[in-house]
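First comes the structure, then the notes that go with it.
Chains: A, B, C and D, in written order; residue numbering restarts at 1 for each.
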């Protein structure tokens, strides 16, 4: 029982990353009708915003310590971060320690601007082009972005730990008399993504802006005829989607150290999630994200892999095939979307 | 016994009874119009005839064979061709190629892996398509990409494509919808010519009374999913029930 | 010629000449010159050009004609490769049985996968094919290489071992893939002054197969069947109401293009008897999509150009290193030399992905019809210059 | 390239093909018959450095390239000579190899066997490379080794740890300096025993492909010989990025040691996840829970950051070694590039030097002569103590390092500390060891 709940919790935790990425992807697809292969790259850029913030916060000056030697036998240059000398080691250390949460503050404006630049500078010329062209140009963009990141940050993963206070494990089952130990940061990630998802949904549902956007998703031309500048709103939504992907990336860095190809690793998977959820359906994307997370978690249990060897490798695709064959438009998809 | 016999057809969409107890008999070599106000179930009925929808109850017989449960292409191969409300043609292809495709369908059936012979060697198909284009007065446009044709020409092309299959029954779904008056008249003349010169039955769904009364020699009036009356045009004109249900609203 | 019209015959003749003289055309620079870095006329790369050309031609029959975008075609490439190597392992190194089997097996897989995937269209179809291919890759990489049932040899790649049966292998035959005794590696080197040209048996075999494939593709494009496939792309609704069943047409196109992919996979094994699982990964499927669109989807010659373009980058640009750069710019003053190297450095060697990504974007943004459109524009520009009054001649007809 | 076939049967045929296809004017001169593939004829010799430059191992590839450049410099006589000065064989003069200047070409393996072979082929066919070296995964190493055997050039393997490279996939033209999974197990076992005792329950997470399996097999055999019990072995997909669903079941499995048979990005993530789940602080069966990473790499350990602290593993070489050879290498590498070399850099540097030395001693670039000079060659001064290139399987036998993640690193390079240097004798195995059975070395192929 405990093990079962642990796997479900793990599935929700995995699923929250999928859901966030798929949500952004669906927002872009639903509003702009663009298949954005660079969405994974936005996730990656978000993660590297966290890396950069961490690096900037720990910018250091060097002092020579003759008592220690470096690898060449020269006196060791000891690095002290500026923030530690400004705020004292205590507070300074704390600031560096909290660099990932601090990065959120920077990530929002950065990612929104990245989204704006992408949409205004490139994507908007592709609204009327075939989906294949959109895929190709955004794929090219994804390659360029990840190669640029690789050029500056290298190919190896970069450790960006969570604040010490959030680094341990918590027994989430204790309240129910069970023993379910789970990393605190992963729980934080889960609640963070639920908050973001809830925020996006209420934004679309309860604000006039959101209502116009939803109406535009359903029927762009009619809304345009009403004299509403729907394009500008869609641009803003692209920025929002980029920010969602970026935040998902920032928060993901303590879970797994970011590297330049993490976006590509998630790309195929997130497309599968979007399609299983149903192209253009926001609730579908979220539902499918969590569902696939849980299924993936269960497929990796020893029980599953001994019953069906290799099931953990193919479960996602198997689910995609079964869903698409039984529910032609995914779990909650709309008719006629992306079928031509 | 008509070429097309619709018996007791009913169709439900969720809570909406789109068709109930529809009986219809289209006699061979007539022009049979089906009219009715918006939402009367005209399009649903048409879709039941061509295999796009399967009715919940009743039967649809074409030339003594049931069409129910057959795919659109099978029904077409039985001899029913359909003209759409907005012309459905192969926009990326040239006019000539558009005309050749139904000729191939007529000659080769629903599928044939004809991958090695060249199109340019298909003499009888080429001749047939050429002939059809001439009949439709489109021969000089044969190399144009069909998407760039005018609406009226697209309609002519579509009708020509249907005719090239030599169907026994031609179904037209509001063929003049959205057309300018001149184009409408051209289409009426074309259809008249077809009806007069060919061994063909035409069933036409139409809104425009001018078209209906210029063409039809039998009319069925649908209202709220059921046939209200079926009669000759003269009688329909004078029928008070029809006036009330339909003409009264539009006239 | 061969039942083709004048224009197609012209294209076929040009492609034939290019293929036959590739070893010379692709080696324009003397062997010891600094520019020799850009020579592509060595057997392995030429083989890759034509083999991936075949792959892309086949993919284009599906995507270019019917518009169905498969994201899983690499699976057939991989299956073809594995089939061919298995023939080497069981029968011996003659390439014929391997190539034949690779076409058959991949055709069979294409039939199964296509039958299921073609029940959906649009992006749903793409994701279904992607899912099947990724499953093939994942299983080939790990589960199917387990010691008890080793079908693929996993990470290392399937290869021939000394203790394999090789029933028809005799002593006189080469210990490498061969065509009735002619080793695929047999290379005649010819020196003309400072140039060296390599005539390789494997390349010529692949080139001949490619020419046959190209010819067959022209026939398909110009056949009633090809017209039906274009009809599928243009308007499936009209097609169905014209008495044509689009499903078997698309399935046939899928199987044909799967067989082309299988053949390409078989040839890859024939010239180099090792089949790696990465061949089936989604990036490999993406690569053929890129090749086709980059060259010009729906055109005859485009996919071949696209294949050449990408393979050239992968193999030539990745090999340029700073040393080479320094040798190019050695004539400049020191500071300027270093500056030039510094500027170019990010785009070559380990940065070849970056260059490729930028070029993708440029081509897609400015040449929606791919390289073929680029070629037409250049031609149109020349024509305009030679015949000024006929100003609009450049771009009336859609890409061939 | 493969002129053996030309000479055996193909001459007539391809000759006919040539003259039929092109009327051969007299300026065409067919290349004179060479004694072996790419025999260097001018004043220089070309080596092919085939390393991952794109993909997840690009940083290791970059480090390997640095070491290659350094090695070429030293062989050609510039720089401080590095390990050439400490190398026990003094055949190299600092004037290139056999008086020929060493040039090199580089290529990108992309860590894919296909791409690696394509790149190696272009080096052989286009650039006339007489030796290929590099790589940072076993799949690539085995694929390229096979190619070199067929083509008739020497392959000096870079980073490859699978038993198969010198086991069932060994080739007469291929040589491996790096250690292997069996050696990792043999070196780690005694250390683990002294640290954690002989009553332990181990849980393996294994990357689901050939290298992972051989490593799991090796470590399992070595630890079970200590009396440890293996609770479970779970295969994880290579493409996995998040290992939480594999780590979670470990918590309640009753195991008290977790063995991570992962490398590269997989290792970084699985270790990070394991530490996240509190395994390092956990108590099971009254003992401290322990994590073991059998194959360590400093470059990768950096990605795992603080998580490596106190975690044991084995490695081929580490820059903090105090012997003369290592010191010389670190000095010349560090002076040139500003940071210490990785084990990958060390291995490929050694391989280049060993190749050059063997050519020098054999007096010929002929692969068979070079192979003869390397087989059974005993040397010292290259950082791993006394080393033997065993003739039977072309595997180097040398000391293996057991290392531990350092608790208080003084710099960003100072991540691992050497716990023990396991002597070569302890990691040596018989040629007929079952884990290495199945292949045959064959005979060397000079290609002509």
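Keep in mind that, in the parts below, contacts are C-beta pairs under 8 Å (C-beta built on N, C-alpha and C of every residue); 3 or more make two chains touch, one makes a residue touch a chain.
Since the model is a prediction, treat every value here as computed from it, not as a measurement.
Farthest chain from subunit A (centres taken as the mean of C-alpha atoms): B.
Two chains share more touching C-beta pairs than any other pair, namely C-D.
Computed centre separation for the pair subunit C/subunit D is 32 angstrom, with centres defined by C-alpha atoms. Separation between the centroids of subunit A and subunit D, computed from CA atoms only, is 36 Å. If you average the CA atoms of subunit A and of subunit B, the two centres end up 52 Å from each other. Chain geometry summary: the mean Cα position of subunit B and that of subunit C are 46 Å apart. Shown for subunit A are the residues in touch with two or more other chains, namely 313. Multi-chain contact residues, meaning those touching two or more other chains, occur in subunit D at positions 58, 208, 235, 237, 239. Across the assembly, subunit C contributes 138, 142-143, 353 as residues in contact with two or more other chains. Of all possible chain pairs, the ones that touch are A-C, A-D, B-C, C-D. Chain contact summary for the complex, subunit A toward subunit D: residues 2-3, 6-7, 10-11, 13-14, 17, 68, 70-73, 76, 150, 154-159, 161, 167-169, 179, 181-183, 185-186, 255-257, 259, 261-262, 265-266, 296-297, 300-302, 305, 312-313.
Residues 3-5, 216, 219-220, 222-228, 230-231, 233-235, 237-246, 248-249, 252, 256, 398 of subunit C are the ones touching subunit B in the complex. Residues 35, 122, 125, 129, 131-133, 135-137, 139-144, 147-148, 151, 268, 271-272, 275, 279, 309-310, 313-314, 316-318, 320-321, 324-325, 328-330, 338-340 of subunit A are the ones touching subunit C in the complex. Interface of subunit D with subunit A (complex): residues 55-59, 208, 232, 234-237, 239, 241-242, 244-246, 248-249, 251-252, 265, 268-269, 272-273, 276-278, 299-300, 302-307, 319-320, 330-331, 334-335, 339-340, 410-411, 413-414. Residues 63, 69, 116, 119-124, 127-128, 130-132, 134-135, 138-139, 142-143, 146, 282, 286, 289-290, 293-294, 297, 346, 351, 353-354, 356-361, 364-365, 368 of subunit C touch subunit A in their complex.
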